[in-house]
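Look for chain A in each of the two complexes below; its partner is chain B in the first and chain C in the second.
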Partner chain A sequence: MAMTKSQRQLNFSIFRYLVLTFWLFIVAFPIFWMVGTSFKPDIEWFAWPPVYITENGTLQNYLVVWADASEYSESVHTQSLQRPWEALGNSTLISLISTTLAVLFGSVLAYGVSRYQILSEGRMFQLLMLRMVPPIVLIAPISIWYRALDLLDSVPGLVMLYFITTLPYAVWMSKSFIDEVPREMEQAAEILGASKWQTIWEVVLPLVRSGLVATFLFILILTWSEYLMALLLSKTNVVTLPIELSKYQGSTEGRVYGRQAALSVGITLPLILVGIIIRKHLVRGFSFGMVRR
Partner chain B sequence: MSQIELKNLRKEFGSLVAVNNLNLTIEDGEFIVFVGPSGCGKTTTLRMIAGFEDPTSGDITIDGKVVNELEPRDRDLGMVFQSHALFPHKNVADNIAFGLRMKKVKQDEQARKVKEVSELVRITHLLGKMPGQCSGGESQRIALARTLVTEPSNFLLDEPLSSLDAKLRRELRAECDRLHDELQKTFIYVTHDQEEAMTLADRIVVMNQGKIVQMGSPLEIYGDPVSYFVADFFGNPAMNLVEGEFVSGDSGLQFKSPQFTIPLPSKYSQKQPGKGTLGIRPENVTIGATDAAASINREVELVEPLGKDTLLYFETGAERPFVAVIEGTQSVERHANVDVGFPDDAIFLFDETGARIR
Partner chain C sequence: MSTTDASGIPASASPGNKRQVTREQGIRRFKWTVLTPLILLMAFLLLPAFLLQGYFSFFAFSIFDAGDSSGFSSYFKASEWVGLDLWKDAFSDTKFFNAILRSLLFSAGTTVCCFVLGFGLALLMYRPFRGQGFYYVFFILPMLTVPIVIAYTGEMILYQNGPLNDILSRITGQRVMFQFLYAKEVALTTIMFLETWNWTPFSFIIMMAGLASLPKEPQEAAQILGASKLRIFWEVQVPLLRPVILLALILRFLEAMAEFPKTWGLLQGGPGSATETIPIYIFLNAWQYFDISYGAVLSYIVMFLMIFIIMGAIWLLRREKKNLDDMYQAPNQEG
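Showing the complex of A and B:
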C-alpha cells in the first residue's frame, strides 16, 4: 500500500531527527566531556564506570592551570615549564596578525582573480593543490631558511608561516564571495560616476563583508589550533596554546586530564566569543547567498 | 547636442565575431531601438558604447570626439541594466542619490533632485525601502530613476522590461515613451520584443549575427522589410511565409507551393524562376468576395475570436498555419470553405537566400 503524503512527511521528519541527533551526539559529546572533565577532581578522570556529571565539582583544575595555584594541587608535577597566559598572549597575537594579513591579501588577490582573470580557474586550483602537500614535509626547507633568517622560535616567524600557509584558503574562500557580486553591480556604480576605489568601497566591500568575516573566522580557527608546525618551528621561546596543551602530561604521573581540559576550555572560549560577536555575519557569510537579486 | 557615431565597430571574442563592422549614426534626442534574436550582438554593442567592452577595431565617437579610450563615467551616459543592478545594501533613496553623491552634488541639492525624479517615475512611496523589498516593476523604475537623476545626455537601456509581465511591461513602455518625450534625450534601447520596438522607436536597427540587417522607422521596417528575416521578425501575428517555387506560367510568373499555385503580380513578371518564399501579412489577406487577382479556396481549420478581431487559421502545408485577421467577430464558421485572397500590393517575395525580390 502506498504511503500517504502526511505519512511520508512524518517518516521524513523522524529520519531527519535521527540523523541530526546522531550528528549532534558525535559533535557535542567530546565537547561535553571536555567541559565535564575540567570540573572533575583527579580521581574521577579515569573512573570506571565513567562519571558523566560529577557531584564533586571543583575549580581546582582551573586554578592550577590559570592561576598557578600549585599549593592546592594534590598531584605532583612541575609547574615551571607551563606558561598558559603567555601562550594565550602569543596565540592571540600570532593568530590575529597572520589571519588579518591572509584575509587582507587573500581578498585583494581574489578580487583580481575574479575580476581581471589574473589567474585562470585551473591555475587557481593548482594553487590550492599546492596546499595539499602535507605541511610536515616542508618543515625541512622551512627550518633551514628560518634558521638562516633567524626566524626560528619567534613571533614574526610563526606569523609569516601561518600567513603563507593559509593564504590559498583565504583567496579561495573570499573569491567565492566576490564571484557572487554581479559585475553589473560594479559597472552600474562606475557609470554613475564612481571611481574604482569608490566602487570597491561602496559596493563590493559591503556586499562581501559577511563573507570576509566568515573567511576570517575560518582561518583564525585553523591558525589558532595549529600544532604541528608550531611544534617544530618554535617551542622554548614562543609557545602557542596547542603546544602548551601538549605539556600537560607529566612524566611521572601520566596525563593530567583535568588540567588539560581546563586549558582546553580556555582555548575554546575565545573562539566561541569571537563567533558570538560576529554571528550576524556568520549566518549570512556561511550561507553564501548574501546578494539578493 | 550629442551625436553618437559607430564607425566600423567590431568585437571579437576569440574566434567568435559578436559585432561585425557596425556603422551607425545616432542623432541627438533620437529614440533608437536595437532588435534581433538572442546572441546577435545587441548587448555587446551597447556595452561598447558604454565603455565596458573594448572594441576589437573601429571607433565610437560622441559629438565628434573618439571616446574609445574614455572611462565609462566620462562618457556622459546613463545605463539601465537588464538585471537592474540596484545596490542591495542601500535603500532606494540612497540608490538614487548614489550618482549625485559620486559627482559631489551638495546635500540639499541631492535631496531635492531625488524627490523630483522619484515623483517623475512615481516611486516616492518606496524611498525608504530596501531594493529587496521592491517588486520587479518597482525595481525597474528605481533603476531608471537612479540613471535619470544624473541627467546624462544619452540613455542606454538593455532589455529593461524583459523580466516583467505583459501588463506591467506595457505600462512601463508607455512610461519610457513619456520620459523620452519629456526629456528630449537620446535613448538607445535594446530589446528582442518586436512590439516594444515598434511602439517606442523613432528608428529601429535590426541586427542579425553581428550585422545591421535593416534600419528605418517602424513603419518602413514593417511595410518594406529587406529580407525574410526582417519580415518574419516584425508583426504579430507574424507574416505568413509559404515556401515554394517561382515558375513561368501563361500570364507571367506564378508561385507554386505543394498545395496551391497562384499568379504573381505583373511587376514580378521579369524575375527569374527558382525556389523562394511568398509572404503576406495576416491583416492583408482578404476573406470571401475579393477583387484580388490571386485567391485560393480553403477550409477554415480554426476560428479564434479576439474581440476586436478574429483570427482564421488555414492549412497550406507550411510549418506554421496560414493566418488571416478579419475585423470584428464576423460569422465565419469552422470548416467552412472560403476564398482566401492575396491582394497584389500585399505580396512579398523572397529568394532562396532570404533576400527580398522587388
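Showing the complex of A and C:
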C-alpha cells in the first residue's frame, strides 16, 4: 500500500517535470530566438536551414541600433525618425509618471473605499469600464479633442490617458491589500492626533508596500507596452519604444530581423528585470479581492 | 457608574454627537478631495470625446474634407448632416458583423486556452517542489514581453524559412513551408496562439493566487471521508475557486476583445479580411480610410455592445463576491 502510494507520487513527479519542461520550452523559445537573432550577422537572418546558435556572433546589430545613429538611419528607410534613446527616454518618463500617479491615486481611493465606502460597490465595478471598454472606440474623438487642446504628440496627453485606463486595476489591486490591514494601527494613529492623510501616508501605505510594488509592476507592464494610443496620439515628437520598433514595418528594404531583434531586446529587458526582482509579490496582487485568507 | 441620570446622558452624548458630526464631515471632505480630481479628469478628457463622437456620427466628416487648414473649427465647418444614414450603413455592413463575430471567437478561444493552460500549470505547481521558483520565473516571462515585440518575434519564428517550419520539417522528414501568417484559413488561429502565449501567465498567476488561498480543512475532511483526488478537485476545490475562476475568465475575455498590437503589427487585418477583428476594423475605417464619421458610428455600436457585455460580467462578479462575503461572515461551521 505504502509502496504504491510512493510509486504514484514518483509518477506524478515525473509527469510534472515533463509537462513543465515542455511548457518551459514553449515559453523560452521565442525569447531565445529574439536574443539569438539579435547577435546574428545579416546573412543568417533568413538562412535555410535556420541558424539556431550562431557561430559568428556579432554586436553589430546593437551598435547600429543603439549607438551609431547615422548608419542606423541608412539601414532603415524612414531615416530621421529613428531615435531609440529618445524613445527609451519617452517611454521611461511616460510610463513612470502615469504608473506612479495611478498607483498613488488608486491606493488613496482604494483606502477611502475600503474604510469609508466613498464609492459604493456598484460604482467600484463601474470603474472597471474605464479599462474594459476598448480604447479604440474613443481614440478618434480624443485625437480631435487633443488637437484642439494642443495635447497631440505630447507627454501629458499620453500620461492622462494611461492614468485613466490603468486606474481601475490600481484601485482594485491595492484595495485587496488594504482590506487586509488591521484597523487598530489606524485607530491608534487617529487617537494620537494624526490627520487622515498622515494616517494614509505614514501608516497604511507603508504596511501594504509589497502589494503596491506588485500593482506598480503590473501597471508598468501595461503602460510600457501600450501600442494603440501611442501610435495614434504621438507620432513625431513623443515616440515611445513600441512605436519606434513598429517603424520597421515601414521599412522598404525588407525586414531587418537582426536590428529589430536588437531593439526588441532593449524594450523587453527592463520589464523582465523588474519582473524577476518582484516576482514573489506578484501572486498576492492578482486576486483582486476575490480570495480570502 | 452612577452618572446614568437624566442630566448625564445629554452631557456625555452631546460632545460625542459633535465628534460624530465632525467625523462625518471629515469623511465627506476626504471623499470629495479624492473624487473631485477624478471626476474633473473624466469630464475634461472623456466627456468631450464622447460628445464629439456623437456629433460626428450624425455629421459626415472625413479628414479629406478639412483641407489644409486642419484646425479644430474647420472640422465642424467641413462636416455635413447625414442623420441616421451612417447608422443604417453600419447595421447592414456584413464586414462589420463578421468583425464582431471574429472578435468574439478570438476572445472566447484565447480565454479558454489561457485559462486551461494557466489553471493546469497552477495545479501542477502550487505545492512546493524542487525547482518551483525556476519554473515560475520562466512562466511569467511572456506577460513581461511587450506585445509588439511578440508580434515581430512571432514573424521571425513563423516565417516560411523560420525555425518552426524547420522543426516541422525535421519531424516529418520533408520540407515544410507552411504559411502560418499569410494563409487565410490559419491567420486568425496563429494570432490566437500568440495571444495565448502572451497572456497564459495572467491566468496562471490568478489561479496560483486562488489555489494558494484555499482553506485546507475541507480538502482534508474529504480525504478522510475517502473521496478520490478527482472528486476532491471537482467537488471541493473548484466550487471554492469559483470566484477566482470567473475573474480570470472575465478579465482575460475583455482584454482580448481590445487586442490590437499583435494583430495589427503582423497582418493589419489581412490576408483579405481574415484577421479583421473589431479594433482592426474600426482602425481601418477611422485611420486608413480617414472616415472619422463611419468610425464613430462603429465605435458607438461597439461601445454599447461592450457595455452590455461588461454589465453581464459585473453582474456575475458581484454575485460571486456577495456569496464569498456571506460565506466568510457566517459563523465558521467546519471548525
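We take it that the second predicted complex is superposed on the first by the 230 of 293 C-alpha atoms of A that agree within 3 Å, B and C clash if a C-alpha of one lies under 4 Å from a C-alpha of the other, contacts with A are read in each partner's own complex, and residues count from 1 in each chain.
As a working rule, a residue touches a chain if its C-beta (ideal position, glycine included) is under 8 Å from a C-beta of that chain, and two chains touch if they have at least 3 such contacts.
Since the model is a prediction, treat every value here as computed from it, not as a measurement.
Participant: So, A:A148: does it touch chain B (first), chain C (second), both, or neither?
Facilitator: second
Participant: Under the stated touch criterion, which partner chain does A:V203 make contact with: chain B (first), chain C (second), both, or neither?
Facilitator: It touches chain B, and chain C stays clear.
Participant: Of chain B and chain C, which one contacts the greater number of residues in chain A?
Facilitator: So, of the two partners, C touches more residues of chain A.
Participant: Taking the superposition as given, does A:R279 touch the first partner, chain B, the second, chain C, both, or neither?
Facilitator: Touch partner of A:R279: chain C, not chain B.
Participant: Based on the superposed arrangement, let me know which partner A:E86 touches: chain B (first), chain C (second), both, or neither?
Facilitator: In the superposition, A:E86 touches no partner, neither chain B nor chain C.
Participant: Looking at the overlay, what does A:I191 touch: chain B (first), chain C (second), both, or neither?
Facilitator: After superposition on chain A, A:I191 lies in contact with chain B alone.
Participant: Contact-wise, after the overlay, does A:A261 reach chain B, chain C, both or neither (first, second, both, neither)?
Facilitator: A:A261: touches chain C, not chain B.
Participant: Kindly classify A:P182 by the partners it touches after superposition: chain B alone (first), chain C alone (second), both, or neither?
Facilitator: first
Participant: Per the definitions at the top, what is the overlap between the chain A residues touching chain B and those touching chain C?
Facilitator: Touching chain B in the first complex and chain C in the second, residues 291-293 of chain A appear in both lists.
Participant: In their shared complex, at which residues does chain B touch chain A?
Facilitator: Against chain A, the touching part of chain B is residues 50-52, 71-73, 77-79, 81-83, 85-89, 98-99, 102-103, 131-132, 146-147, 150.
Participant: Under the definition above, what is the set of chain C residues touching chain A in their complex?
Facilitator: Per the touch definition, chain C meets chain A at residues 26-27, 30-31, 34-35, 37-38, 41-42, 45-46, 48-50, 52-53, 56, 70, 72, 75, 117, 120-121, 124-125, 129, 131, 135-150, 152-157, 159, 161-163, 166, 169, 197, 202, 205-206, 208-210, 212-213, 243-244, 246-247, 254-255, 257-258, 260-261, 264-265, 278-279, 282-283, 286-287, 292, 295-296, 299-300, 302-303, 306-307, 310, 313-314, 317-318, 320-321, 324, 328.
Participant: Any idea which chain A residues touch chain C in the complex?
Facilitator: 13, 16-17, 19-20, 23-24, 26-31, 33-34, 37, 46-50, 52, 105, 108-109, 112, 116, 118-119, 121-122, 125-126, 128-129, 132-142, 144-145, 147-148, 160-161, 163-164, 167, 196, 221, 224-225, 227-228, 232, 241-242, 245-246, 248-249, 255, 257, 260-261, 264, 267-268, 271-272, 274-276, 279, 282-293
Participant: Across the complex, what residues on chain A touch chain B?
Facilitator: Contacts found on chain A: 182, 184-185, 187-195, 198, 202-203, 206-207, 291-293.
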